[in-house]
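Quick notes on the structure that follows.
The chains carry the letters A, B, C, D and E, assigned in the order they are written, with residues numbered from 1 in each.
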Amino acid sequence: MIVDTLPRLHRMSAHVWKPLTVLFVWDVAVTVTYYTLPFHAPPLPLTLFGSALALFLGFRDTSAYQRWWEGRVLWGAMINASRSLSRAVVSFLPDEDEEARQTKRTIVRRQIAYVHALRRQLRRQDVEADVRRHVGEAEVVEVLKRTNVANGLLEHNGRQIEVARRRGWIDSIQQATLERVLIDIANAQGGMERLKNTPLPNQYRLFPALFTRLFCVLLPIGLVESLGYATPIGSTLAGLMFLAILQIGDDLVDPFSNTVHDVPLSAMCRTIEIDLLQSIGDEAPEALKPVRGVLW
Amino acid sequence: MIVDTLPRLHRMSAHVWKPLTVLFVWDVAVTVTYYTLPFHAPPLPLTLFGSALALFLGFRDTSAYQRWWEGRVLWGAMINASRSLSRAVVSFLPDEDEEARQTKRTIVRRQIAYVHALRRQLRRQDVEADVRRHVGEAEVVEVLKRTNVANGLLEHNGRQIEVARRRGWIDSIQQATLERVLIDIANAQGGMERLKNTPLPNQYRLFPALFTRLFCVLLPIGLVESLGYATPIGSTLAGLMFLAILQIGDDLVDPFSNTVHDVPLSAMCRTIEIDLLQSIGDEAPEALKPVRGVLW
Amino acid sequence: MIVDTLPRLHRMSAHVWKPLTVLFVWDVAVTVTYYTLPFHAPPLPLTLFGSALALFLGFRDTSAYQRWWEGRVLWGAMINASRSLSRAVVSFLPDEDEEARQTKRTIVRRQIAYVHALRRQLRRQDVEADVRRHVGEAEVVEVLKRTNVANGLLEHNGRQIEVARRRGWIDSIQQATLERVLIDIANAQGGMERLKNTPLPNQYRLFPALFTRLFCVLLPIGLVESLGYATPIGSTLAGLMFLAILQIGDDLVDPFSNTVHDVPLSAMCRTIEIDLLQSIGDEAPEALKPVRGVLW
Amino acid sequence: MIVDTLPRLHRMSAHVWKPLTVLFVWDVAVTVTYYTLPFHAPPLPLTLFGSALALFLGFRDTSAYQRWWEGRVLWGAMINASRSLSRAVVSFLPDEDEEARQTKRTIVRRQIAYVHALRRQLRRQDVEADVRRHVGEAEVVEVLKRTNVANGLLEHNGRQIEVARRRGWIDSIQQATLERVLIDIANAQGGMERLKNTPLPNQYRLFPALFTRLFCVLLPIGLVESLGYATPIGSTLAGLMFLAILQIGDDLVDPFSNTVHDVPLSAMCRTIEIDLLQSIGDEAPEALKPVRGVLW
Amino acid sequence: MIVDTLPRLHRMSAHVWKPLTVLFVWDVAVTVTYYTLPFHAPPLPLTLFGSALALFLGFRDTSAYQRWWEGRVLWGAMINASRSLSRAVVSFLPDEDEEARQTKRTIVRRQIAYVHALRRQLRRQDVEADVRRHVGEAEVVEVLKRTNVANGLLEHNGRQIEVARRRGWIDSIQQATLERVLIDIANAQGGMERLKNTPLPNQYRLFPALFTRLFCVLLPIGLVESLGYATPIGSTLAGLMFLAILQIGDDLVDPFSNTVHDVPLSAMCRTIEIDLLQSIGDEAPEALKPVRGVLW
């Protein structure tokens, strides 16, 4: 996620430079042709094209932003649920019993491992290293056999809470409270996997891209008759605006894709790690800082 | 659900070819007539038509997409609830008692049978085979008598959980937790049946289809006076854009219709099957792969 | 709810015929006047009118559809909650005690009576017959005294569940689960009554109807100068599109009004009846079928 | 809330008369000036103005309607929660104990007092009379000291439920069910206070009002060149449509303001009163009727 | 939050004066140049630019307002949850035990400290003073070590509730009710932090600002040919409208930024303080009043 308040010129220009050049060269070419060859440019129904295109692009950008924002909301829910799980486990389990104290730490650290594993699954990265940092070796071997490693870790926490109940550290009402938090966590995870595994319908990926480019090709032809020598400027600018709208959709549509436009999963996992470690009294790392204006 | 990132030309052209040809032939015919007969084409109020049409199409596509996405969200909720049911059942029931261990397996496998039965009900397919794979013969006979087979399976799980409580394997608070998961499952099922049984209001199915085609017919007549020989190109392109917008609505409006634009029910049922079988320690099948770019 | 996939010509034409004729006659009259009298038609700012009208109509149709869909969602929630109530009651109450078995049946059948009573209240019909079919005579007399009969039935179920708890058939945790389902039912009922008792604000009923008709009157006057003899066709078509958009809003705005555009309450009550009767092992009637393409 | 299906002419004209006259006089003045003085009216970019204005007005009306509807939804939730509270209290508390029977009545009547107090707080009216009708004198004195009287009544109900638990009339699980209903009530109240205390952002109140009026002033100037003598009609009509859109926003934006466009709080409080009194077997008043087409 | 019903001229003019002057000077300069130099202004496709810009601005303002309103809703939820926590704690804990009475006060006052700390964290201010007013010295030292001070306070309340359970003042079902309120509080806090830490995507901050200004620059050039001497008026007005739409987005996008357009956090924290202090019978301060038309 880009957090700079001012744009970094080199980044913006990197994105803008190419389409700008292509558009401008084409617009100049059309204009030159118009004045060279004795042809009569037809007054293409640009307003009609434009309004059909606006239907596509308006819808697409709204959907893309909603996906991006839902991704963020779901990770926010994960932060909340992780805190609630940790708060309840630390409160409920007795401090007097050494084994109970150990169980607190295991559950909380396994939750940290869980969010890291989930983040890496969503970004299609290897989960092993992050799990190993917070979970015992035997468990690592076991959960890595699962198709969905994060889900395996969550089940282990469910089972350990049941063990705590059998040991008499908590009663079944407290277990019900914890179980409800686990359900919230499972729901957040399921929502994230839904966003990851279900792209925007194919038609909304192809048609807007196709029609926007076609529109940019036709723009100078439709404008040159009335704009004359000003065609390259007017046409390039209008084309650039439509291309920018198209690009935004592409940037936001997949919020867990590990690009600069991503929801900052690493930073949020770190937030969870800090809050959870501090709640069991452990040393916590620093919050992640933006790297050249980008929070990952 | 189409998962190709690039379009498959043969599929796209299959959809595009026919309307493209029809539009183009008509546009050429109008243009030729215009230059042949000495008639004066009226400057039809295309902008007025276009903006009324945009009201219809914008609304229709938004509603269609919302239906499609809600279908996906509900199946996501089903995945989450299935995992939560399995996680809680496996945690809560004791491992020491052989019969309790058997009950765990029965409940979890019946949930797998349930999602398969629900998928097949929604697609109006025969449910028997999929239910038989996971549920005992006597029960198969019984549930197939029900009008709503999936609902019958859910009730059986509810009853078996009550039996587990009477046997003392779980207490009534743990039952309440499980019961709440069953309620989530029932709500997701009800939502899917709502989408399946309630099409978009009739008016939004007929009028947009009618008016879009009428608009395509009138387009070249309204444009030929100003576009001249460029009419077939300008008119076909504009017509194609509106037809594409119309088509998207048709593709997405029924998310459980077993077409390539469908929500991938089979793949999601398989996901549930894998996660649930692994959670009771059974061998799980592979995840479903896209077949020629389509995930079913 | 109209479930035909193809329009029934006679029904469509019934709706379309009258406005079509009126519009066409007026458009012809204006055109004839234009060519007869030597008057100069002013180029009315139709685009300005049209965009103000689009603000009204777009908003109105969206709101109307949302009301219609919310009506359907609430009845879907009622189906889900009815099934959950029945499933839980049948599971929780013991089968060994004859009186408990009887109580199961009473609660489930009273829920069936409840949905029928609610449907008839919403459609402003007499509730007595439907209640009598499922509920004992003494109770019928009592609930019919209530201003809100459905609410009275719901309270009776709440009381009978408490009796079941006092008899020791269920414990208070199971009661809490059932009570939560009753709350869901009460919330769905309240939502339906909200839709029924709160029409769209008065301004959105009057102004769009007024301005759309005014717009249709002005259309041929504004178009005749440029369209000439083609005015009746262009103007009638544009007018028809706007009238169609207006009509859709009227059709959908009151989803419980017992018209062909209604949410199919009778069919959904029947669905509940079937599922609930089958869950207590009773004979169930057939699902309702569409009558000449309309599901009631 | 206006419930007339047909407009009352005198009410409509009262609203429409003044702006209509002002607009018409101005439009005529501009037209007369145009034909009197030899000045050339500039073709103002009315489409540009109009589309910027549409952005403002479309947004404002949508927000205003959402506020109005949310106000209605929250009161609907209050009706539901009041019924659920009453149903559960009447079911749970034993009928055998005279004191318990008295407690039922006190709690239910205090809930009636609560909704009346809340209604009057929202409308910035004196709450005392309505509270006194349903609550004992000592309590009246105490709650009137509170800044938020309704909240005080709700706390009293919470405390009395705890007393019922200590007396052994209900157990703590039943208390939890009741407490959850109290939380729903508190949430509904909080939502209503949010709507009341947070107006639409200042910019959305001022700019649309300013720009719409400016637009009406410029309309005839921009149209007179092309419309000529028809200017007063075309311009007044277009201006009236935009003013109507502006007015709707004003009418709906504050749903608890005690005007004819209000959400009908009094009628809904009466509905609650009827349902709750009948549920404890008391005599209930009649439902409120519309007064000259307006339900208050 | 600005609560004046009428604009304060000096505040409005402060915002409007600068862009108005800049726009007007530029528009006059273009007009003068046009009449001085014999150049031919191209009829720039302002409608195309305008509709692309409308896509950006419409989306941006809607998103900004949704963020602002969500910020308000979340603080409303915090008020509700604080009241529910206080109501339940005061009801549940016994009055007979001095220590229990003290615990009530500690929990309620810690909740007050919590909302103040959260407000200051969101506004990036120092939290110490506000925490110290309501919480014991030892605890102040401890929570200030936490990265997230508010979260630390919430955990302390969770732990103290568990202590109350161990002391036998409440049972674990009442604890579950309180714990659920704590989860609501944690969810509201998480939502606020999400709004604070996740700005609108970078593209929606830069492109609209850039394109709107570019549009204002091009406006007089595109209009001067047809408007002539009226250009400065027409162009300045249209430009001002688009700049106003742009500005609203900036004002509302960050609802916790401590500006005049802010959600009034201080006033809402004071509301919580009053309600909670009164519920434990303490002296409460006055509600905050607007300062020169602004509620902070």
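Note that in this section a contact is a pair of C-beta atoms (placed from the backbone, for glycine too) under 8 Å apart; a residue touches a chain by one contact, two chains touch by 3 or more.
The chain list, named the UniProt way, goes like this: A, B, C, D, E = Putative family protein.
None of these values were measured; they are calculated from a predicted model.
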Partner chains that subunit B (Putative family protein) and subunit C (Putative family protein) have in common: none
Copy-to-copy rotation for subunit D (Putative family protein) and subunit E (Putative family protein) - C-alpha atoms, rounded to a multiple of 5°: 70
Shared interface numbering between subunit D (Putative family protein) and subunit C (Putative family protein) [over half = same, under half = different]: different
Distance between the centres, which are taken as Cα means, of subunit D (Putative family protein) and subunit A (Putative family protein), whole angstrom: 38
Distance from subunit E (Putative family protein) to subunit A (Putative family protein) - Cα centre to Cα centre, in angstrom: 24
Where subunit D (Putative family protein) touches two or more other chains, by residue: 47, 51, 173, 176
Chain-level touch network, classified as line, ring, star, complete or other: ring
Cyclic ordering of chains (reference subunit D (Putative family protein), direction subunit E (Putative family protein)): D, E, A, B, C
Subunit D (Putative family protein) residues touching subunit E (Putative family protein) - in the complex, by the definition given at the top: 42-45, 47-49, 51-53, 55-56, 59, 63, 146-148, 151-152, 154-155, 158-159, 161-162, 172-173, 175-176, 179-180, 182-183, 186-187, 189-191, 193-194, 198-199, 201-207, 211, 214, 218
Subunit B (Putative family protein) contact footprint on subunit C (Putative family protein) (complex, rising order): 1-5, 7, 12, 46-47, 50-51, 54, 57-58, 61-62, 65, 68, 72-73, 76-77, 79-80, 83-84, 87-88, 90-92, 171, 173-174, 176-177, 181, 223, 226-230, 234, 237-238, 241-242, 244-245, 247-248, 251-252, 261, 263, 274-275, 278-279, 284, 287
